[in-house]
Each structure stands twice: as structure tokens, then as C-alpha cells.
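Chain nomenclature is as follows: A, B, C, D, E and F, assigned in order of appearance, with residue numbering initiated at 1 for each chain independently.
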Amino acid sequence: MPVTILAPKAMRQDYGQADKQNISDDSDDADSSNGGAELDYAELAKADAEGHTHKRPRIAGGDFEIVTPGEVITDDPQWMRGHGTYVAAGTTSIISSVAGTITRTNKLLSVRPLRARYTPEVGDLVVGRIVEVQAKRWRVDVGATQLASLPLSAINLPGGILRKRTETDELQIRTFFAEGDLLVAEVQQLFQDGGAVLHTRSLKYGKLRNGMFVAVSGMGGGGGVVRSRRQVWTLEAASGGGPIDVVLGVNGYVWISKHVETPEGLVEKTSGITNLDESVSATMYSSQNDRIGPETMREIARIRGVVTALVDNGLRVDEDMVMRGYHEAVEMAMVSSVGADDIYLGGERGEQLAAVLTAV
Amino acid sequence: MAAAAPPSLSFPRPVFAKLSPHPYLLRTLAPQVSPDTPTPKPSRTNGRAPHEARPVYIHTSSLSHAHGSALVRVGDTTVICGVRGEILPVTSIPQYRPRADFGEDDDEETRRAGRGELKDYDLLVPNIELATGCAPQFLPGVPPSTLAQTISTRVYSLLHSCAVVDAKNLRIWASPVVTKPTGCDDDADKMEEDDEEEEEKPELVAYWVLYVDILVVSFDGNPFDAAWMAVLAALRDTKLPVVTWDSDRGVAFCSRNAEKRKLQIKGLPVACTAAVFLEKEHGSETSGEENNRHWILLDPDRSEETLCGETITMVVDCEGGETRLRSLEKQGGTVIGRELIRGFAGVAEKRWREVKGAMSK
Amino acid sequence: MPREIEPSLNEKQFVLQALQEKFRLDGRQFDQYRPLELTFGDQYGVADVAFGKTKILAKASAEVTVPYADRPLDGVFAIATELSPMASPAFEVNRPTETEVLLSRLLEKTVRRSGALDTESLCLVAGQKCWSIRVDVHVLSHDGNLIDTACFAVVAALRHFRKPDTSVEGGILTVYTPAEREPVPLSWLHSPFCVTWSFYGDRGEIAVLDATWTEEQIRVASCTISLNRHGEICQISKLGGTPVEAVALLQCTSIALTKAKDFSVFLDKKLAEDTKKRNIGGFMAELRSENDR
Amino acid sequence: MAASTEPEAALSVLPRADGSATYAHAGYTVMGSVNGPIEASRRDEHPYEAHVDVIVRPAAGVGGTRERHLESILQSSLSQLILVKNFPRQLIQIVLQIEATPENDYVNTKLVQASLNFPVVPALLQTAILALLSAAVPMRETAASTVVAVVPQGAKRLLVDPVPRDLEAAHSVHVLAFTSQDELLLAESEGDFTVKEWDEVYEAAKEICCRPRTLDEENDVGPDLRHFLRTTLEEKVAEDLYWK
Amino acid sequence: MPLDTSAYSLALLRVDGRRWNELRRMHAQIRTQAAADGSSYLEMGHTKVMCVVTGPSEPGPRRSAVGASGGTGVGGGSGEAAQAEVAVSIVIAGFSSVDRKRTARGDKRILEMQSTISNALAGSLHTHLYPHSAINISLHVLSQDGSLLAALINAATLACVDAGIPMTDYVAACTAGSTSTYAAGDEAADPLLDLNQQEEQELPGLTVATLGESDRVAVLVCESRVQVSRLEGMLAVAVDGCKQVREILDRVVRDKGRRMVQEGTIEKGVGVNDMEID
Amino acid sequence: MATAQPLYVLPGDTIDPSLIPTHKKLPLRLGPGLRHIPPSAIVPTVAGQLVADHKKNSMWVEYNGGRYIPAPNDLVIGQIQRSAADFYFMNLTPFTSNATLPQLAFEGATKKNRPQLASGALVYARVVLANRHMDPELECVSSSTGKAEGLGPLTGGMAFDVSLGLARRLLMARSREEGKVEILELLGAEGLAFETAVGRNGKVWVGSDSAKTIILVGRALRETDDGKLDVDQQKKLAKRLIREMK
């Protein structure tokens, strides 16, 4: 049973109204009130009036349904609860535990949070950074709630992929990856507690160099990188930038680099990596950058600008958006006074870019 | 000293000393008889004989800003001590209580009362610092080690129990000449001070507080003896300026070129420490007859201190002809008994003469 | 330092199950305290309090000092609660744990901020000299519910305490030794007591008083209510944990009030007994000091 | 006066400690607890023997330098008695809480005193030993300790367990501890005395600490500590083994 | 200067012109720091605080035990913890109050607030989903005008929602007081909602945090002397206030969410209303 | 058994040689609380009652209290702290360093299927190895028979702390005659259904379907222990508790 409010003796009745009236003037004396606040007051004046028993979400939002923590999604027992929900003890009602949008896969109800840390799934392509080197494995920061682990057994060893792992490899584990190194890898499996195990046993994966790193908020929700057809592609940069690789890690870590003829190329031709020549595998774990021309650097920076602009304006980051954004950016640079060297895409220029993209 | 190293030994002496210090010291103290040294003399790894202390070097009034100072070196243990006096008005002593009579005559009663004064009003404030790096174990930024706290406590207690400084030398009086014209509250003070009569009695207005700061510059064992020596030397070196009391403003001041009076120090108590080195390592359960020998190492250095459990410190003063003990501390073992202590008094006397010599230099 | 180990799964499950069946391990009612013992020391201001196997000794002491600059007319009053390894090896000297911080805050709020002791009466010479009253809380044995025990001990010690008599003439302060003048009690305004509830269950529906150490380790929330016998709340703190129905908290408060009244009665009784006992001793003391003069 | 009173003690008074004891004598009351052998923290772990950790806490005020000194004195003495080799890498933790100290009605002294007060040492040592026995920590032997003051005048120049008033008047104050093998374990003296005086003190103290059990209780040099220790322990053991 | 309580009884208006059951203007934002996992800024009248949440993530070096609590409050920390550790740190800016006073490192009042907030949130957050990891909540006080603890709790809740950490429901907090001092002792004193600094100093009051729209109290802190009889009134008003606060917080989150859906940052969800299985 | 007039000893006491049992064949065995100093001195290390068994040619000091110190073949109740690759780290008494329990030291445990025990679970185990320089090691299966013999995880129920002395008495083969403790039998006779496991490390586990019964047994043990009750008093206690329960 709810506790009862002891009201003051005098003129009790009028208070209900009093609230409603004084909403406006109240927000006047308050410094720099904004619409949001006033709306709130109206809201809770209403709340006061009708008491607090309702657990229905407010329909104010109309067409886009946002659910928030503690909100009952359904009392219907035939649904199953998924991520972002819980069932209150002793009831059948499924309640949202995060703020986000509802997703439904036939009988399974789950809530996709507006934003959260990256939650790894098997098969994700991720960009990560080595934070710790252990005896037989590396701990990798992939922006998830726990560090992912990359076993020594799950990487390509120089000198042919079929080579067996030896003690010497364990001893010189740092020669492959050391603290701070960046790499692109795939999530191979998950522990029950959500920890991810990575592998780089494909020539698409491995150590990253010749480029720059951008972190945007990840797949947990809230825009940024989204899972899509291709996470990795090579584009031909404008104004003599040469080929540039873009790696959109599903975990929201982005890598933009000068395109080097990776074994990948060869792989396509020579169907099979067995006769992979030593020279390539030698460079596989090199931490040395090749020489990068200023044009290339400029274009890399421009692409980075595009990505951040997309994020700042809350737009999706995928191949399509990045490519279109890039071309727009080049156009904008052309018209600008400085010319091709104008790569600034912050502030209203960023908004401008976003506007164009959303307009289309 | 070839005999000291047994034939079996396959590595050089320094390594032996590092690896197993205990057997090493044991060897040098109990060398085997060998053809070239038929009667080997037991000696310590530092070449001293068991009862041989390190020479003392004392230099005083080396600090210009302190009222008294001394630098003491005993072997590689070096200690600096500075004494600084500050004036403490009685009004700012919370638990100050005027006493009826400060008997200037030197009887039991007043001396004890004086001791009370020193303690209750904190007129002697020793503080010891083991400088970072003076020995490997002292690291920067750590709270004062147990050793430092222990030594400062021992110095403090000894200062009071030996009463080297008499409270009466620290009292600051307002001469009646000055007191005469001053206001009524002053009279009230006198009323309080001693109930009615005799107007001319001078009034106690403030005390000297002596801050005794001890700094161990380099530490190679036996810090207490050195520290105490430094304190004593510094106090004997202390000169306090003559203070004039301005009762109108109720403040004490001493002009820059005021004459300085030497602080009177009573007696010359000297500390003498030794450590006991056992043949069997401490606590090991093999107790046969043969390996129960022990040596008393006078003025131990750092390496010896780490190997010895039991220590004895005796503070003696032979100033008045006969030897008087001012303090005795023996702990950490059961070897030193009555006889050894009796005997040790003699050793301490010898040490006293050495230090006395160094002081008077 | 070794950490306190949590109770085994078996214990956790069982204690909870038992509580749901309305049983406590030691067969107590939910709102029943363990037997309370209070003994005063031979000296003034020493109180030894025990709730079951929890034992706390509080000692009050007084000293003349200089008052704080910002409040020249007030005395100094401090409660020191340092948990020593005697209570549990998990406590390290001068490294405060959360337990210690919360305990000292609670005593601070309950005894000091509620104005149980009239600090202005401690002023001797305005801005120059005042009494500094200090209570040292020594936890001898820790079997749960430190807060209530400590609070009771502190209040008992302070009410039993006598500080030296003083006189001020012409700005000169005289503090009389016990031999010269009988010490005088503190000016005490009201006696607050702490009552701590522990909550169990998913919704904190089970409420228990005076939890033992095992029970404390398993509880999901706790709420300490401090009151005096006049029905004045001095402090309430439910610092997080599983939420509890507001109504339940109100009920807890009213029960707490009755407990506080019981404590207050008990303490008054004990103090009365003690003074009776002392009157003889006090007289003897007088004689002795006479002889020595 | 307090000097002549017999000491009192109670063992295993703290239910949650491995061993504990209270000891009251000559105006001092000390509560002692022993926990061990327990896991030692990294820094005081010793590869070959147990680390004996002594913590002395004053009744009022915070522990300062003199408590540290008392701790080091007790630590060095107790390590002699405990069979530390039995528990390598372990910790034996002894907490001594001073509950009451004899008060001098004739002075108001400061709360925190820097100078070390010898007279409390025997009480601390006795308590620690009782607590260790109650915790059944293996020991080589036990010990007993007392304090003797040399006063200027009066019928007997040696005062056992002097009250604070006597201490003020005393020329010198001595604390001595003897093991149950009659060996001198601890000797702390301060003041102004001669070797001869110390000898007398030694005699008196030994009489108190190591008097053979057979001796009759006529002469009142002071309490018979060794006998006291034995009887106290016998009572406890008998109680514990009531079922035998 | 003393608060003129007589004025209230006449006009039933408080010093700042509010009625007995009015909140001060409350304004909040989430997503204030792009870099953080979750962040928020919150004003209750002139009390202004901001909050940054990082985690759940691998626990860093051990921090002080105080203010860091595992789900249950006991134990906590340590690598083997079955649930995430919620560590709270509060920084009070020197300029936040009228007289600039330095707050010491180990200030027990702040340590207490830290552990309170930590335990309160641990009671709602689903920490068991994140074994051996840590949720670090750092709060910054920019300006103080009463109801500090309440503001901090609200800000922390918002930031946790923003960080997408699953929780049972909002933990919403506010304060309530009573119109006359305990000394006045009139049983018939009226309750007041949401105290400002001045009222907090002069009048008895308490801070309450409830879970969601229920009457279940997560935090109840009363630091002033007051008659038991007045508790119910104050508690009732406070609990009601918490519900209002929850509405406001919820509004903030929804608005943000809607905006994001509009911008297409996240695809629409299925409606709650069209819940029939197809 | 012990002499008519019990002999109490303190650490360091000299033991009258006449008391030391002398046996033709058997070597002298020293139990707890005694140490041998070469050549021939035997010295107590704890305070207690000296007991000599001339038949077994052994002597020891009987005492109660202190912290449990592991000795081979002791039965103990341990609590799982955490599990390593193929060990469980067990806690026998608070604040002491962990004992180890190999995950294969259970009945029928193999590399493939070994018991999965959560941290905090209670296990009834035997001390295999106890040595001052190493952490003690436990087992839950008899190495000879390969059978559990009652050892293994303890599910449900409640663990109560008792004094080491009582634990030892409960574990005596003839606990009623020698140990003078039969409270458990008495309660059983009163028709209470419960099972117990006694750990030498001062823990008694009590299992039963009824929480009431468990609590009652727990209180019975505590009161017997704290109150130092003899057999008759135990009888009274049992009666009283049963009555209260009704």
C-alpha cells in the first residue's frame, strides 16, 4: 500500500491547479529555461493529477518507440525475454532493462540499447589493440566489456601457415605482437561470460601499419559502425592519393591506411596460400611503416574527417556512407578557396556534409 | 688471513660474505689453527677485535643558523645534530599552571618539578631523520621507519631521565622593574602566582623550547650511540641569546647583537652499544654443546647488526669520579646475564673515556 | 593483509531459508537483541559494552587545548574509531576500511551533530583555551552490529565521564587535580542510540535487528536509525543496497524508538548503580588525599 | 598500596580470536589477542620463520613513537619465546590493547606522552604470554617480568610495582624479564644508579619472577609471578579438559 | 542569516517562492561526453553536477576499498568477483560553494557519499551480467545549492542509462524537509519538497532515492534532528518527489532516443502496441 | 590412560624421565605439544595436560583452543576459494593460506568428467600432506580403495563452528566413552532426522530436510561447547531443546 501525503492544513484543493498555473511563471524566474523543461512540468502536472499507478509507456513519442529501464514491454506470457530485458520476480511481464528500441525475432523480445559497449559475436571483424602479452596469448582491447584474447595458436606464423608452433615461438611471442600494436582479426568463439577469442589465421587479418586509427562508438548501438556487407574495402583516392584501405571494425574501431599489395592479392590469383613466398610472410609482423606520399596522407586524413563527421552528426558509418561522404568531401574541397588541401570537416562544414548526405 | 678461508671454499671471500654472511663472520671470529698462524686472533669481518669500538670524530658549531650544532662520525655512521631555541610565552601553553615557588635552590623536590615542566610543556623536542639513501633500506617517500621512531623515543626519554638540561635554564622572567608600571591584570597575575605579599617577585612569562633535530647522514650500524653523542655535543655547544620582555605588548624579543649565554649541561652521559653474535643461527633447533659459543661485538656495524639478535646499550657517566649508570637497555636474547652486564660496565667506562676525549678536543 | 572470506554457499542459502521460515540461527526473534552487558571501569569515562560476542570498550578523556580559530567559543569534541586487528586480522592499522569510515560517520552524526554534548560548555578562555573531549572506541571482538554497540559504548562512557574542575581568575586558568577537587561531569543534553536493521530477500522484505557477523555478511541492505527517548530522530542512514518498502521503514522506525527507550532506561539504571557504588569509594579517596597532604 | 596486590588474569575472553587474555596488575589492565599462524602479507613474509607482529594500542589517544618502541622491545623478546621456525612464511599477530593505567591524582598530564613508560612493559609482556598460551602457539619457554624502582629514602629502598607517585620520586626505574629457565630475557633501566644497585634490583626481580614453587609465601617481596602463571594456566586447562 | 519561517505560514510560499510540493527547475542532458561510455549533466535548481561512466571493463589497479562495492556491498573487488564492481569517485570543485574550502582527500563525508551511491546503483544495475569487471562512475560537482546527494544519484543513474548498462529501473532521488526546526517542536509542521542550501541548513530534512515508480526506498539519509512524528510526512513527500524526478529523467532519455531514431542513427524498433504475434 | 592426578605442563617444563613411557620394541611416538631436543630431552611447547600411553608407547599434551594446524589423515571441512587449472584452492580456517585439492582426487573423477564445484562450496576432505614449508594438500577419495568413503562435496545443510577440542572428541572412535559427548546421539534418539560431518578444523556440518532441526542441532552443539556440559547436562539440554521445539 502506498504512503499517504500529509498535506498542509490550508487550501489543499487549490494545489492541483496551482501547479498547472504556475508552470509557466515558474520557468520564467528559473534562469534560461528551455522547452524540454517546460514540457516536463506539464508532464508531471499530469502525472500528479492521475496518480502514479500507470506502468504504460507514454505515447508522446508516437511512431518511434523508445523503451526505457523499468518499462513493461508486455505481460503476455507467450513471449521470451532476450537481451536488454528481464522478468520481474514472480510475474510474467517482460521489462526493459536498458533504454533503446525493441527488436523481435519471432517469439524472442529484446531491446537494442541506444548505446553500449561492443558485444562480440562470432564472425565479427574487429580492429583491436594489444594491451597485454602473456605466455601463450595476447590480451586485446576491442572496446568490449572484457579484453579479448588472441592465442598464439590462432595466428599465422611466418614461414608458411602450416608450420607447427614451437617453444621458440612462445619465447619470442613479442616479435609477432607487442603491447600497443594494432591488428585486425575475427571473433572465433565466445566464453560463456561473454569474453571473445580472436584469430588472425587468414591473410586478410594481422598486424596493421601504414595508416591511422579512429575510434567511434561501436555496435552496441548509438550509430557509428554498423554490420554490413563489407567491412573492408580499397578505394582509389582522389587527387593522386593512390589506393587506400578502409577497415571498419564492427567494434567501432576504424583503420584507414595506404594500400599495400597484401598476400591477399596473391591469394586470389594463386588459389591457396601454401606456396606463399617468404618475403611476404617476413613483412607480416613488421612494425615499420613504408614510405607514404603526402597526397596519400592527405586523403587518409580526409577519410578520417568524413568518418568523424558522420559520427558527430549521428549518422551510420558503413561503406556506402563513407564512400558518398568522401566524394562529397572532395567536391567541397574543390569549391573551397584552399583547394584540395582543405580537409577540415568539423563544425558546420561537417553538418553541411551530413545535410547533403541525408538529403540524398 | 688465508686461514679464514677454508680450503673447500671455491669462490672468493666477498662472494662468500654475500652468500652466507653468518658462517663467514663465524669463520673470521673462530679461525682454525693452521701452521702459519698457530694462535690466530679472533677478529671481525671489519678487522676490529670483538671489544674494539670505532674511533669517534666530533666537530661542533658547524651550523650557522642553529643555536648549537654538532657533527659526529663513528666509522661510516655520520650524524648531524642541530639545536634551535624558540620562545614560548606561557599564555600559549594550554595546560600551563603557575606554580607557587620556583625554588632556585637545587633540591630533590624542585628538580623533579622541573622535570615535570620539561615534559608537560614539551620544552625539549627531539626529532630524528634517517636520510634517504643513508643506507639501502631507507627509501624516499615512506613514513618514518620503526627504527627512526624507536631512536627518537629513546633519545627523548634519555634527555629527560638524565636531566642534562635543567628547566630553570629555560625559564624567561620579566624583571619586576618592567612589571611595575604595567596594568592591573598584571597584578592579578601576581595574585595568582603566589597568594598575596612580596610585590618584587619577578614573573615567569615564557620558556625556551629547544628543538633538537638529528639527521643521520650515513648509516653503518649503531645509530643510537652516534645520535646521542651528537645531541650531547650539540647541547654543550648551545648558546641562547638573552631575552628582554616587553610587558606592554606582552612579547619577548632578543636584539640581533644581544649577548649569548652558554646553556648549562649537567654531566656527560655516554651511550655504549654492543650486539651478541651466536654460533648457531637464531632459532635453529640443533642445540649441542659444541656450537653454543657466542661473541659480544662492541659498536656493531650494519652487516653485524643484521646477524645479531640480542643487543645491549648502557649509558654511563663517570663525570663525578665514580661510574654511574644512567640507562640500561638489553633485549632480544638470553645470553647477556648478570655477569656479562657487570663486566660490560667496564667496557662502557673505557668507551666513555674515548668519547670524553673526542668531546673535549 | 588477508581478506575476510565470505560465508560458504551452504551457509548463505541456509541462513536465508531459515529466515524465510522465521528462524534465526541462535533462536532469537527478528526484533530481539542479544543480551546486553555494560560494565564501567574503575576510572571515570570507561565503558565496556557487549552485545553477545561483540565487545567494545570506549574510553573518554579530557585535555586543555587551544580552540579552533573558526569557532573560538566551542570546545573540541572528537570520537576516534580505529579498528585494530584485534577485531579481525582483515583490519590494518591506519588504513581505514569502508566499515571504519561508515562507523565513524554514523557516530559523528548520531552523537556529535545531534548536539548530545554541549560543546560551548567546554570553552574555558574564549579563543584561547578550551577542553578537548575525546572518546576512543576500541573494538575488542567483532561478531556483527558494531554500530549499535559502539554508539551505546560512546554514550555510556561520556555520561560516566568526569573532567577535572577548573577556575579562571583574571584570565589565568587553573586546572585542579583530582586530589584537589572532585572532577565534574560533562554538561550532557540528550542520549541518542543507534538501532540497525538488516534486510533480506529479493525485495528486502525480511527485517532483522542486531545481526551477527554471519547474518551481516549475507544481508542485502541495512538501515541505521538513531533516536533518543524523547522520540527525536538524530540520524537515519540506509546507504543503498536492495530497496525496501517505505512503509516497512516507517514500521522499523517505530520499533527502533521502543528499543532506544529500553536502552536509555537500562543505561540510567546502570549509571545510578555505579554512582551508588562510588560514593563510598569517593569518600575513601577524599580521606587518602587528606592523609597525603 | 597497589604494589602488594596480587595480579589477576582471564584467558580466552575474546570468542573470535585464536587466543586472548586480560591481565590486571598494579593499576594496569591490558587486553591481548593472538591470531596465528595466519597468512603473512608480502612485505613481512620470512622464508624460514614466522613473523611476529606486535601492535600496542594506548587506552586514549593515537599510538605514537613510544608505542612503536614498546612494540619493538616486545617483538624482540617474544620472538625468543615462540618457536618461530615451526611456521615459515606465516604471521603471528599479537594485539595488546591497554585498557587502564594507574592515574596520579596529584598531576594533570598530557594525553600523548612521547617519553616511554617502562612500568607498562611487564603488564604488556605478561598479557602477551598469557594470550600466546591461550592460542596454543608452540613456545620454547615462558617468561615473567616485573618493574622495580629505587627510591631515595624509606624503609626499603627497593619498591616493586611502584605507583606513579613513587616513580616520580624514584632515583631509577628498572624493568626485568626472566625466562622460565631463569635466564635474563629483558632488562631496561633508566634514572641514576650504580652497578651495585642494579645487582640488588636484579636479585629482587629474580625473586619475584623465578621463585621456586616450593618457597613459602611469607616474605612479601611481591607477587610470585611464575606460580601465578602456572596456576592460571592449570585452571584454564582443567576447565578445557573438563571431560577427561 | 536565519530563515524567516513565519513568512511561510502566512503566504505558504518558501524563500524562493515555491509552494510546499514543488521541485526546483530540473534540467538534464545525456551524452555530454562523446569519448565516455556514458555521461550526463544535471541541474536541480542551482545544484549542478556532471557524471562520466566508463565500463563495464577490465578492472584497473586496485583502488581504495571505500566507495567500491560489489553487488552485495560486502567483499566486492578482487579478480574472482562474480559480479561487476561499481566504483564511484566524487570531485567537488573548489568554486562550487560560496566559501571556497578545500575538500581533503580522505574526507569521510565524501567517502560516505561515494559508498552510498555505489551501493544504491549496485542494487539496481544488473552487475551479475559482467563478472570480474568494473564500472567506474566519476562525478563532478560544479555548483552546490542543496540536495547534493540527490543530484549526484540522479546524474549517476542517467549516465548509467546512457552507457547502456542493464538495470532494474531508474534510481531517482530528491530531498524533503519540514517547515519548522525540531526545537520549535510543533508536531503539525508541513513537509517541504526539494530543499535548497538555505532550507537544508535551517530545517530538518532527508534525502530519499527510490527504485523506479515503486515506493521502494534505496537510499534514506537524514542528518538532522527531528521528531519521529514528522518522518512519515517528509518521507511521503520525498517518495512522491522521486517519482516526479523519475518522470523527468525518463523524459530526457526518451527525447534523446527519439532524436536518434529520427536522425536514423538507430533503426526503428517494433511498436510496443502492435505486440500481437503474426 | 592418564594418571589419577593429571599432570599439567607449561612450555619449557622439564618432564620427569619416569613419566616417559619405555617400551621394548615400539619406538617412542611424540604427539602434539611436545618436541624432542637431542640427545634425550623432551619438552612441552604448549600449556596442557601431559598424557602418556604406555601400551602404544606414545605421549602427547592434551589441550584445547588455538588455530587448527593441518596434520596428515585429519578429516576437515574446507571451503572452495577458487579453482585453478586442475586444483581447487581450499580454505580451512579464515586468514590462513589456502590448501590445495586436486580436481582428480574425487571418487571416479577423470580428465573427462571431474566434479564442477562453485567457489564457496563446502567439501569434506582428508589431509594428505601437511608440511611446514608447503601448503597442505587434501583428497576426497581413499588412495587405497579408490572409494569416497563419505568424503566429497557437502550439499545443502549448514556448517557450524565448534572448538577444536569438541571437534576432536566428536571424531573419537568411542566419542561417548572417551570424548564424553553424546549430544548428537541423544538428539537422534529423540527422533530428529539429520546427518553430520565433523571437520577437525573446528567445523561441524549438519544436514536435514527441516531447517528447524538443523538450527536445533547447531544450538545443541554450541551450548554443549560453550557451557562445557557433561553427559548428564547434555541429556537435560537435549530434553529442553526438544521441548522448546514442540
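Here is the rule we use: a residue touches a chain if its C-beta (ideal position, glycine included) is under 8 Å from a C-beta of that chain, and two chains touch if they have at least 3 such contacts.
The chain list, named the UniProt way, goes like this: A = Exosome complex component N-terminal domain-containing protein; B = Ribosomal RNA-processing protein 43; C = Exosome complex component RRP45; D = Exoribonuclease phosphorolytic domain-containing protein; E = 3' exoribonuclease family, domain 1-domain-containing protein; F = Ribosomal RNA-processing protein 40.
Only a predicted model underlies this, so the values are computations on that prediction, with no experimental measurement involved.
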Any chance you could name the chains that touch subunit A and subunit C both? E
Which chain pair is joined by more contacting C-beta pairs, C-D or A-E? A-E
Taking mean C-alpha coords per chain and comparing to the overall C-alpha mean, nearest is chain C
Provide the C-alpha centroid distance between subunit C and subunit F, rounded to the nearest whole angstrom. 39
Using CA atom averages as chain centres, what separation in Å is found between subunit C and subunit E? 30
Quick check: how many Å separate the C-alpha centres of subunit A and subunit B? 69
Contacts with 2+ other chains: residues of subunit F: 35, 81, 95-96
Can you list the residues of subunit E that touch 2 or more other chains? 215, 232, 235-236, 239
Touching two or more other chains - residue numbers and ranges from subunit D: 35, 38-39, 83, 107-108, 110, 179, 181
Flag every residue of subunit C that touches subunit B in the complex, lowest number first. 63-66, 128-129, 169-175
Would you pull the subunit E residues touching subunit C in the complex into a rising list? 65-67, 69, 72-75, 78, 106, 108-109, 111-112, 115-124, 182, 206, 210-211, 214-223, 225-229, 231-232, 235-236, 239
Which residues, counting only subunit B, touch subunit D once they are in their complex? 95, 108, 112, 116, 119-120, 122, 146, 149-150, 152-154, 156-158, 160-162, 283-285, 309, 322-334, 336-338, 341-342, 345
Given the complex with subunit C, which residues does subunit B contribute to the contact? 91-92, 94-98, 185, 188-189, 191-192
What residues on subunit C touch subunit D, complex-wise? 1-2, 41-43, 46, 53, 55, 57, 59, 61, 63, 80, 82, 84-86, 88-89, 93, 134, 136, 138, 140-143, 164, 175, 177-179, 213, 285, 289, 292
